[in-house]
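Note that chain A is present in both complexes that follow, paired respectively with chain B and with chain C.
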Partner chain A sequence: MTDNRAEKYKKVAYYPGCALEGTGHAYNRSTKEVGKALGLELEEVKNWNCCGAMEVKNVDPKVQTYLSSRVMSQAVNEMGHSVVMAPCNGCYHNLKKAEFELKNEEGTREVVDRISKKAGHKTYQAGEVETIHALDWIKHGIGEEGLKKKVSKSLKGMKVANYYGCMYTRPRNIFPEKDKGPGTESTSQPHFMDDLLAAAGATNVDFPLKTACCGGAHTLSDSDMSTKLVLNILKAAEASGANVIATECPTCHTGLEMHQIRAEKRFGVKTNVKILYFTQLLGMALGLSAKKVGVHENMSDSFELLQKQGLA
Partner chain B sequence: MPIHEKHLIRPENIKSHDKLVMDGIDISGHWSTFIETRVVKDYNESLQDEIAALPGGEYVHRCWQCGSCTNACTVNAINPDFNPRYWIYLIRMGMESELLRDKDIIWQCVSCNKCTYVCPREVAPEGVMKATAHWLELKGHTPQSPSTIFDDVFSTQVIETGKIEDSLVVRNFFQRTGQSLTQDWLIEMVKRMVAHLPVKMLMALGIATVLRPRTKNWGGARDAIKEYVAEQDAHHRKALGLESLVEMAKLEAAAPFKQAAE
Partner chain C sequence: MRTLAQIEFLVEQEADSTPQAAAKLYLTLGEEVLEHWLTAHSHKPTQLKVEGFRLLALHKQSSRGDPSFNACRETCRELVYHYNLIIATPDHPEIRTRLMMMRLVASHLYYFVSGKMQNAQLGEFCCSSRDLRLEQAS
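Take a look at the complex of A and B:
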């Protein structure tokens, strides 16, 4: 791949998504702060809408595709951007999926065009924007070497289990740029988050459940199932020697936090591993205070650990 | 024994004898080899087409029964009865009554897409699970599952306003499924959530739930989506022959009155 990404990702359209305005507020805050500290600029997509998460597709998949296409249409037609960065796995996944479907399916193109026309905006055409995750943004916009130069407080002593969840890598066909050899992301063993945190001084533990599912789709409708799945993840992280799980999605993050509490209250199983957004960890490594990256907004209370490590 | 023959040794098909002597040998006990002869007479020949007509089920015909989906499945690891490969087999064979035995767990698919990731035939088993759960509800075999209620609550809010606000979705969902908002773990969660938050921010969060987030000028998109969804719904009902089912049910319901009149 010819690499002009460091240039291209300097200023991108930012699609925070609904979760980042609610329970994932700390992720929103820390993503923006890290961007500022690294000199990467974000411009929020004007008047964006929800991408439909995992729910709307069950009512109708083409409506879900339309929802994502409108976000991309806003970015390209209203703002002239060619890159959209989404930090939420759900949003990132849905925009990628919409791109794939609009490229390959005539039927979907027709429905999206019809709804867009009626809604009164320009129909999004496949290929007009590139959707990236917050991980791509930092990995290719700054890179490990660039990051190392800016680290002022090493994450030394933090033993991290990197948790990517389902939607960042599955299904494979919607991520044509992954699994393309050295330097690209792997769908079976993702490593972008590992790479960035290692550059900031953390030790990544050998964690087998990087892409396990936390049962997020049924976090409320089948809570016992979700609690069991989350417990597997938390216990595996502890068994791998981690003192913190790093997350890169508000839904995964909240799922882990919520069911850690539920496991304790409902099943009497207590786990001690802390849960932090990777942007919170990076932010602190860049010298930002724990408050500034929203550690106090997390449910999982990691102040003690952070103080011990000299980070808070 | 391949799992697709499993229905033959379901508990209710096993014979057990307290005292059974054959040719002078005591063979009392449970015998899974004492299988009741069973002929499947109730094929629904259009089962595969019905599932394929619903969103997600389009590629069910491609399956060659390799079993990779079940092997990779997140829910199967917790509940061995959750078996996507087997259900796809039943759908393709039209074995409706066998499928109905598992009707209360099919909706539990967590959409992790591990099956879709490993499937060599691009069946998209995750979609088939959703289509099957949807089919069960449309045909009246199961009441709306908590999962589809959640989909509804969520989708309604997105379609109406363009955005969602998590606390409202949660509240509506609990209301529609009749759950209490004062469950111990929920209270604990909120307590920990607010533990370190400054008062100013708590106020802001309170205000956020009063001022519902919405996308500006969403009206056009809302109407266009609603119109399309209504069309699709009619289309699905037709594909499943639901209109004629309703007619039949009406006739049946009227029958006892006729008899009484005679």
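Take a look at the complex of A and C:
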């Protein structure tokens, strides 16, 4: 891929999605703060709606595609943006999936066009915007070298297990820009978060469950199963030598935090690894205070570790 | 083939054997987990190998027609990776950690697949089995 992305990603449409206004508030806050510190501008999508998440998708996948397409339509037609940045894996996944289906399925295009007309807005056409994740935004908008220059408090001493979750890379066919060789993201061994945190001074550990299922979809139907899946992720991170798990999705983050507590209460298994959004770690490396990046909003209490590292 | 309960018991505790024997056990447990999935879906588990491993062939067979099953593709690959790592360097100073890691990966595969056997929706959010749903809707 040719690179005008540093320029293109300087100012993007920002789609926080529902989770970042609720349980993932710290991710919202830290993403915005990191953007400011790096000179990358975010303009929130006007009057955005839910991406359809899994609820709508399970009722009617085409309606879910419409909902995601409306967000992209707002960005391009109401605000003139060509890039939408979605930090939530669920939103990112759904917008990418909508893009893929609108490009490849006539039936979906017809449904989306019909609902868009009924809703009174311009129908989104495939290819009008590029949907990116917060990781793409920083990786290509500023890059590791650019990031290194701005680091004032190195993450040296932080041993990080990078947990990408399942939706960031699956299914492969909706991410045509991935797996294109050097400089692109890998769907089997994602590394953008590793790259950025290493640039900020952290040591990334070899972590075998970086894209493993956290059982999120199973939380309500079988909480014990979800807890056991999360427990494996936590234990594997600790066995890898990590003192922190870095996350890049509000659903994964909340799942890890919640089930870490539940594992102790339900199964008597205590794990000590801390859980932080990668944007919180980057923010602190850029000299922002722990409070500014919302560390106090996390369930996982990492203040002691951060103080030891001179970050809080 | 062991029962799922026996598999759960074995992946929940450290194997009391040599590193090579333990690695072989965890790999076999992974295969047996997938055999359970296939048998429950009225398929005969393959004896073929992919890249030298039956586990990878079984995963390929299991995910045919069920894209959500791909949520454990990397888990199977990590199991194979750790097996190779342990078999190739059984005297490595980190061998105990590697074994523990392999056990956790095997355990993850067990919980994911047995979870899907209780609720097929597990893994669907991430892997979006669109084709299957469209098929059901028509």
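Everything that follows uses one rule, which is that the second predicted complex is superposed on the first by the 312 of 312 C-alpha atoms of A that agree within 3 Å, B and C clash if a C-alpha of one lies under 4 Å from a C-alpha of the other, contacts with A are read in each partner's own complex, and residues count from 1 in each chain.
Please note the rule applied: a residue touches a chain if its C-beta (ideal position, glycine included) is under 8 Å from a C-beta of that chain, and two chains touch if they have at least 3 such contacts.
The model shown is predicted, which means the values in this text are computed figures rather than measured ones.
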In the superposed model built on chain A, check whether chain B and chain C fit or clash. clash
For A:217, is the partner it touches chain B (first), chain C (second), both, or none of the two (neither)? both
Please indicate which partner A:208 is in contact with in the superposed arrangement: first for chain B, second for chain C, both, or neither. second
Pick one for A:19: touches chain B only (first), chain C only (second), both, or neither. first
With the two complexes superposed on chain A, say which partner A:235 touches: chain B (first), chain C (second), both, or neither. second
Under the stated touch criterion, which partner chain does A:135 make contact with: chain B (first), chain C (second), both, or neither? neither
Between chain B and chain C, the one with more contact residues on chain A is chain B
Could you tell me if A:225 is touching chain B, chain C, both of them or neither one (first, second, both, neither)? both
Just checking: does A:306 make contact with chain B only, chain C only, both, or neither of them? Give me first, second, both or neither. neither
Mind working out whether A:170 is in touch with chain B, chain C, both or neither, as first, second, both or neither? both
Output check: A:90 vs chain B and chain C. Expected answer is one of first, second, both, neither. What do you get? second
For chain A, what residues appear in both contact lists, the one with chain B and the one with chain C? 54, 57-58, 60-61, 166-167, 170-171, 212-213, 215-218, 221-222, 225, 228-229
In the complex formed with chain A, which residues of chain C make contact? 67, 70-75, 77-78, 81-82, 97, 100-101, 104-105, 107-108, 111-112, 114-115, 118-119, 121-128, 130, 133-134, 137
Within the complex, which stretch of chain A touches chain C? 54, 57-58, 60-61, 90, 93, 97, 101, 165-167, 170-171, 174, 188, 208-213, 215-218, 221-222, 225, 228-229, 232-233, 235-236, 239-240
Chain B to chain A touching residues, read off their complex: 55-56, 74-75, 78, 108, 110-114, 116-117, 122, 124, 130, 134, 145-152, 154-155, 158-159, 162-167, 170, 173-174, 177, 184-185, 188-189, 192-193, 195-198, 201, 208, 213, 215-218, 220-221, 223-225, 227-229, 232
Counting only contacts in the complex, chain A reaches chain B at residues 18-19, 21-23, 47-50, 52-63, 66-67, 70, 111, 114-115, 118-120, 166-167, 169-173, 187, 212-213, 215-218, 220-222, 225-226, 228-229, 257-258, 261-262, 264-266, 295-297, 299-301, 303
